[in-house]
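Each of the next two complexes has chain A plus one other chain: chain B in the first, chain C in the second.
And now, the complex of A and B:
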């Protein structure tokens, strides 16, 4: 095993991992504000990609117009989902909220497929597939672009959490009732987190749609996104980015060694194992808040 | 008037712990039992086999999940994996030459052993994290099933179920399959009805409400969590085996994928947590309504002359299935069982409550 090959696996894994982070940031945003595990994030990502395509192919707009328009549409949709479906379940046991997001996931997937059909469409982002050589390392251009998008979004959210709206979100994440009593509109904050997560879903949908085609398999990112979000701590955006890199490297290097042994397809196995081990050893993740339960 | 009562007023503990608090309930259960027994003679065999039979077996499975999720309060997103363990162990046992009666029990026990592994996650975490862990375990189980040729025959293979034979009788007729499913569902229902009257059921409820508080009361919550997982897994295993033996006739990994786990959980929650009659309603709604609506949509669009694409038609049931979950949770988070309870409570005292107003 050459060291260069290992480094190439690690670097490409890290970049794939950052793309998982892009997905996981959406999960974290919602969990942070409302403690709702959004299992519909996969369906939102898929829908985001389809909405972009609807503007680009259906109405013939260039992509740089279609993506912001799709982001606006999804922003509204995120607000709407929170208002209609989740707000009435606030304070209910977590199992009902979980089931609600699962129901939304199934509904959104079914509706998207019913409207646009199950055949895979391509995103045509215009990133070339020419290999990029960094010294001896071979790097995929689209993954590089995706990682940069992730880091830019991460920076944008770091800045956002310094604005007035962002500080309100932080307050809501910290203590629901306390922020209520000082006059912060908790409902609007939670709605905003859903809207922002839907916008993140558009970004993830565009990048992942370019990589693997726009079809139902986009919603399968959910397991990887969950693993990243849990490993990083469900309420930490920084955690999502760091955990994405870690998971990406483990997955890519591990799969390279495991695949010949077990006959392929060990990626999902590694991701599931990481998820289970994280929950068993350190449920609050790398950077998450450790909650103490009282009787 | 309908129940010939003006409310339920218990005067002693014996009457409070009866299975049926009201005579009318018992009469209705007896009526349903008779309908169920007579179904092969009333209902055409097509409907019997494609609607009634899966409904009954899935109800038994959903009741098993209800035991662990509704009674013991432990989230379980890997139920289909446990059903798969039961199905595959039973089929392999029969192919090995074991009679079906014992093979079903072997399937149930194997499922209970594997299902108890899920419980070890429950000992460490609960709520959301437990759900995520069981979900990950389901993915691992899917992977094991599709990748181990010894169990399932490989990723795209399916395993033929041997002909079902119970008590020395080969069962091949539709009526026979139906009665097997009916008997199993009845058995599970009777078990669940009696559960709340036993110490086990009360301990599970105590663990559900607050496991620390239960521990302070002297209920060993670890023990009861494992027991709940093992019992529900046993039910899952036998249900899975019967599902393959009487309905699918083939066992394939896709029949027990993560989507199926979500579907069973949806049946339980739409039906209502820890509601037995709710499980019957929930399974009926989730299992039957999407298909019925879809065929209705297809026939209406044909009648109106509107062309709906094949792909659209293929995905409408999924959209409806998701919408049903969302709508029921919005209308009544406690599920159809609670809705039924509301109607029943209203009719119970009608018209006496009108007089008071």
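And now, the complex of A and C:
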């Protein structure tokens, strides 16, 4: 196999992985504050894309207005979810909150289906389809744009966690009870994490919507995003970014060798293998915090 | 006394009305157990709308032999258990013709329908080998199997290369699950027979990430790309083709590509794209025009007008024209009321039926429940679909070898 082709698979794999990281950052934000993997993150991503289209196609706004407006709406929705659905579950077993996110996922998918139907809609960001070559290396422009968005958001969250609000979120992630006892509003912190995750969902929905169109299948990003988040460590944004790159490369390059041998289907096997090995060997992921509970 | 007379008169009138009701013809019912909420929603609304429209039109014209027709639409959400419930409930209501538009649901219902001797229509879904009427007596996958469609695609490519495929490279990009994998064996057989090189490009569901597959395609540079994907999968593919500078005219899609997909690809960008189909694309089709004139112009359509501008609406009209034409034949052959047995005879008497130019002519026999499996290739010219071939059923010997091999396993 040509080295250039191998490099192309690796680079494009890394960029695709970064798009999954974009999704996974939303999962990590919520996990950091409430210790629950949000099973509704896929549905939130889909909803974010639909809201952008509602402003852009429905109300005729340009995308540069529609996207920030959708982000504001979703920010409010994130807070609303905490206020209406999650606050009353405070103190209940984590499994109950997990089930709530599952219910939320089904509810959002059903609602979007009822409002916008099942027909796929296009999200035209105006990114050129012209191929981009770095020497002999082919680069997909939309994947490049998506990767840049991921890295910008990653940088923004790194800065955010140095602000007062960010430090409060970190404190909540570290210890709920201690945070309460020093007067931090845990409810508001959890609400903020949901609101930020919903804004991230808009970004992921827009980029993935451009790539694949906007329909119910956007919610299926959850599985791959979850794998990335687990590999990186469910509470680490840096982990989500690094894991996305690693998983993207392994998947893209690995499948290229394995598919011809096993007759296809190896991508899912690779992801499954990475997920299982991570849980077995390093359950807290690459960058996640390793908690030891004393009984 | 006068009061008593009035009461008796009223009772007599009511009795007459009731007896009049009971003597009204029982409708010929079709159980449309569809996935209206999950995986098949890219096509099920248009197809079920066509079914309801056609039933309305037939009733407006006096029904079939004086009997009204009725389509009973239920959602099974692509869940076999719900499909079975739909089948059981409607069976109790006297329905003996069913259509599921879902492979998993069709597979679940098939053994029951065979046992109960009820008709299971399964155009474009379900077991391909069910075209073998000698084994699947009560199952009618009228239309092309995926094996037949793929074989017809190869026949078209052979035409393009003046009958010689020996130096031709054909890529096959497919959803890596049973729907997409189904044509692989027949393509391999034909590659051996015709001498072309077959290149396989699996794509994981839901088809959102095709970047590496198309990078490989760019490197391998096949002459044609046959695609077995659905809905958004085509849109992603077309964008990756543009990014990789692969000409769109290399792309030949399975029948599941519609105007929504063209809209999402971009009408201009999709120019040159091809699809195999057993129904006529576009809107200037006599039966569709009649629907617009008789129903939609009068505000009596069964759904939004937009759905009628989609090839899957044409697909629905074709599927249900067959279903109602078979009922008409059944009434003609064996009289009313139509029974499962007489309906079966009606289906098996369809000869060169094309629903007024709506689809490939079909001839259903006791042996061939697929009706011949004809398709043609159409090309999107930027505005509409332009036929590239006549209706054809190529390599039928090869296709039937596969059918027989598979159906014989079921028979055992």
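Convention: the second predicted complex is superposed on the first by the 294 of 295 C-alpha atoms of A that agree within 3 Å, B and C clash if a C-alpha of one lies under 4 Å from a C-alpha of the other, contacts with A are read in each partner's own complex, and residues count from 1 in each chain.
Everything below uses one rule, namely that a contact is a pair of C-beta atoms (placed from the backbone, for glycine too) under 8 Å apart; a residue touches a chain by one contact, two chains touch by 3 or more.
Computed from a predicted structure; not experimentally measured.
> Of the two partner chains, chain B (first) and chain C (second), which one does A:215 touch, if any: first, second, both, or neither?
A:215 contacts chain C only, not chain B.
> Quick check on the superposed pair: does A:230 touch chain B, chain C, both, or neither? Answer first, second, both or neither.
Only chain B is touched by A:230; chain C is not.
> After superposition on the shared chain, which partner residues are touched by A:280: those of chain B (first), chain C (second), both, or neither?
A:280: touches chain B, not chain C.
> May I ask you to decide whether A:113 touches chain B, chain C, both, or neither, giving the answer as first, second, both or neither?
Both: A:113 reaches chain B and chain C.
> Quick one: is A:85 in contact with chain B, with chain C, with both, or with neither? Answer first, second, both or neither.
A:85: touches chain B, not chain C.
> Contacts for A:100 in the overlay, against chain B (first) and chain C (second): which applies, first, second, both or neither?
A:100 sits against chain B, while chain C stays out of touch.
> Scan A:272 for contacts with chain B and chain C and give back first, second, both or neither.
first
> What part of chain A is shared between its chain B contacts and its chain C contacts?
In chain A, residues 110, 113, 117-119, 263, 265, 268 are touched by chain B and also by chain C.
> Under the stated contact criterion, what part of chain C meets chain A in this complex?
37, 41-42, 45, 176, 181, 200, 202, 204-209, 211-212, 215-216, 218-219, 231-232, 235-236, 239-240, 242-245, 260-261, 263-264, 266, 269
> Given the complex with chain A, which residues does chain B contribute to the contact?
Within the complex, chain B contacts chain A at residues 69, 75, 121, 124-125, 127-129, 131-133, 135-137, 139-140, 143, 146-147, 210, 212-213, 216, 262, 265-266, 269, 273, 309, 311-312, 314-326, 329-330, 333.
> Per the contact definition, I'd like the list of chain A residues that touch chain B in the complex.
Listed in rising order, the residues are 37, 84-85, 88-89, 92, 94-96, 98-100, 102-111, 113-115, 117-119, 223, 226-227, 230, 262-263, 265, 268-269, 271-273, 275-276, 279-280, 283, 293, 295.
> Can you check the complex and tell me which residues of chain A touch chain C?
Going through chain A, the ones touching chain C are 2, 5, 8-9, 12-13, 16, 110, 113, 117-122, 129-131, 138, 140-143, 208, 211-213, 215-217, 220-221, 252, 255-256, 259, 263-265, 267-268.
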